[in-house]
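The following pair of complexes shares a single chain, chain A, combined with chain B in the former and chain C in the latter.
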Partner chain A sequence: MPKQNWKEWWEERLGLESIFSFLRHKEVPRHKHTLWYYTGSAILVFFVIQVLTGFLLLLYYKPTLDEAHQSIQRLISEVPYGWLIRSIHHWSATMMIAFVFIHLMSIWLLKSYRKPRELTWMSGVFLLFITLGFGFTGYLLPWDELSLAATKVGTDIPRAIPLVGPWISELLRGGADVTGETLTRFFGLHVSILPMLIIFLLGFHLYLVQKQGMSVPFQGELKKEKLPYHSFWPNFVLRESIFWLILFGILITISVFFPRGLGNPADLLAPTPPGIKPEWYFLFIFQTLKLFPATILGISGETFAILFILAGVILFFFLPVIDNRPTGRKGQIITWAGVTLIIYALVMSIWSLL
Partner chain B sequence: MKFKDSLISRRKFLNGVLGGWLAALGATIIQPVIKFIFPPYQEPEEVILPAAEYQLNQPNSFKVFRWGNKPGILKRNDDGSLTAFVAVCTHLDCNVTYLPEQRKFYCACHDGWYDEQGRNIAGPPPQPLRTLEIIEEGENIILRKREKSA
Partner chain C sequence: MRRFYIKKIISSGVILAVLIFCGSSFLLGTSPQSQLPKVKESPEKIQPEEISAGPRNIKEKTAVFVFLGWLWLSILVLIYFLQQKIKEVDRLQAMKFFEAERKFKVNHRR
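Let's turn to the complex of A and B:
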């Protein structure tokens, strides 16, 4: 069959022309903040790398108490390029989370969450928590000393939440303590439940971005004239692909020169090794929890800290409802709050490392 | 655009360079992935058995041992010598068993038969059973892979 007929055959059945036509006509405005548009697709690139390297790791990983550590040991020492695939999975996760934070704060500071993009922001906050969930559950899977200790602490924290706390902790652990049950649960979360949730939410998030078009920050909109633009396909995609290739190069370089190591196998009965710390993206919360005194206003300091963080999370989620002013307004208080949050997180993270 | 005596247009040339570069990049990604997918299992070069556990005093007696991920059968022949077989059918890789009363190896998957020296005599097996080199060394019996050419 000639090429033209093949095209028609598929078009008749799938009707994808409307999507291609949409992408050809989609415009990406050019202004001094255009750079921030690249952060979203950077996350997507790392996500795809996570999925693909995750598939590969699944070929060798054994999610049981007796075999988990050993299977990783074999993966990084015997399987061809196993160390590299695992190292890429680790560093790509790190870079993905870094870009999630950058993406999020750029949207906060540019006020891109304002009407009509409230749901985009809210689905983004859910995506943030799922991403952190991936990080938290994935950290346990190699089953070494540090990952066991970090998971003990991490799954103990929700216990301080009034009423439902102990129940949440037990649900995560699969019992009163971190055991092989926890490993099975975290594995299931990491490779099945969280991926399903993230695909669903990511689809929703991306649909909204396409539906509403790119947000233009207030400086641009105030001018009232039409901004210059790139067509999304192929001009903007090609520009983005340069950025993707640079990121990919950085990722591979870091993965090769700083391969992810593996600690001693976890021992449920051994004392915790000194100096345990969570992954860097949890450090500021870790440090916040340490700051609170034993008791405040008659309730335990830990409960107080958890309630404080929960309140922060709720405010964060409802940011578009709190700041529902029209896009033209600058929103200096919100900017100031955003900058404060960034500085707070940085200071706390660095402090916890000292 | 095309120069007067040039064979290809500039666009074609650039597309070729870019496409070739992308193909090379793709290949450097695919190659480790393909290597990674296949686990690094290798058949053992040799297996050492404690002689005490593999006495096999009676002629026509046999004992199963572990040859990597496959079973092996060590058999005492009538003349007192030992033969070591890789107890896997040469047809489709099923494990075979030795039937001492009939002095035959039998594969239950597709009714394959070998005689006591491991020669394929009936059913689908295309080749005799693989045998291993035997070195009796003090308290050990060393079973070694034969070179392909032998």
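Let's turn to the complex of A and C:
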């Protein structure tokens, strides 16, 4: 069949031309902050890499108390290039979380969440928590000393929440303590529940991004002048592809030179060793928790800290509603609050590492 | 000016590829003992990386670093082609080619 006929055959059945036509007419504003638009698609690239390498890891991983550690050990020491696939999975997760933070903070500082993009921000915040959930649940799966200890600490934190805290902790652990039940639950969350949630929310988030279009910088909108633009397809996508290629190269290089090792098998009877630290993306929260005294106004310091962090999370989620007048003084204060949060998170993380 | 940047990217890519190959030869020369599990120093102190990961033998090491070299070379070549393509589509957009194409298709269907 000639090439033209093939094209028509597919077009009749899939109607892809209407999608390309839509994407060709979608405009991406050109300005000095255009670079920040690339962070969203970078997250998507890392997510795809996570899914693909995750499938490969699933072929060898066994989520049971006896076999979890052994299967990972076998993967990195016997399976050809198994260590590389695991390393790519680990570093891709790290880079994905880093880009989620960068993406959200760039939106905060550019005030891209303003009307009518409130729901885009809120779905983005949900996506941040699901991504962190992936990191937290995936950390336990190798079932080594470090992952067990970190999970013990991590699942113990919700206990400080009044009323529902102990219930949340037991729900996560599948009992009073971290056991094989926890491993099964975390595995289920990591490969089934969280992927379903992320696909649903990602679809909703992307739909909103397509519907509302790309946000222009705040100052540009005030001047009410039309900025020059690129067509999304193919002009912008081609530019993004260069960024994806560079990120992919960096990811593979890091994965080769800094492969992820494996600790000793976890011992359920061993006490939690001192000096345990979570992954880098939880460090600033971990350090914040440590700053609170044992009791404040008769309430446990830990409970106080958790309530303080929860309040911060709620404010973060409702940011577009709070910042309803971005041009006013309140808007400026909220921008500076964003800058302060970045500095605070960096300082706390470094302090925790020292 | 654009050509200058392309040249700059290609030359830095070549330097990077050379560095990777030199780095790989340096790593190939390391003792195989470093790949073995380390002995626990103290029973109280946690050892986060007991089983180190990485290429298992010289063949796998070589394969990985050659792959890395090829990967970066392919990326640079692809970037060059993508830049050419971007130039072309920007020119077409400036000429409003896609608008004309759409109008033609709509009329053609009618």
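Definition applied: the second predicted complex is superposed on the first by the 330 of 354 C-alpha atoms of A that agree within 3 Å, B and C clash if a C-alpha of one lies under 4 Å from a C-alpha of the other, contacts with A are read in each partner's own complex, and residues count from 1 in each chain.
The definition used in the following text is that contacts are C-beta pairs under 8 Å (C-beta built on N, C-alpha and C of every residue); 3 or more make two chains touch, one makes a residue touch a chain.
As the structure is a prediction and not an experimental result, all values here were calculated from the model.
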Superposed partners chain B and chain C on chain A - clash or fit: fit
C-alpha centroid angle, chain C to chain B via chain A, nearest 10°: 60
Partner chain in contact with A:G154 - chain B first, chain C second, else both or neither: neither
Touching partner for A:I76 - first (chain B), second (chain C), both, neither: second
Which superposed partner A:R239 touches (first chain B, second chain C, both, neither): second
Contacts of A:Y60 with chain B and chain C, given as first, second, both or neither: first
Greater residue coverage of chain A in the superposed arrangement, chain B or chain C: C
Which of chain B and chain C A:G338 touches, first, second, both or neither: neither
Partner chain(s) touched by A:L84 [first = chain B, second = chain C, both, neither]: both
Smallest separation of CA atoms, chain C relative to chain B, angstrom: 5
Contact residues common to both interfaces of chain A (with chain B and with chain C): 80-81, 84
Of chain A, residues touching chain C in the complex: 17, 21, 24-25, 73, 76-77, 80-81, 83-84, 86-87, 144-146, 149, 230-231, 234-235, 238-239, 241-242, 245-246, 248-249, 252-253, 256-257, 259-264, 273, 275-276
Residue ranges of chain C in contact with chain A within the complex: 20, 23, 40, 44-56, 60, 64-65, 68, 71-72, 75, 78-79, 82-83, 85-86, 89-90, 93, 98, 102, 105
Chain B-facing residues of chain A, complex: 56, 59-60, 78-82, 84-85
Residues of chain B that touch chain A when the two form their complex: 32-33, 35-40
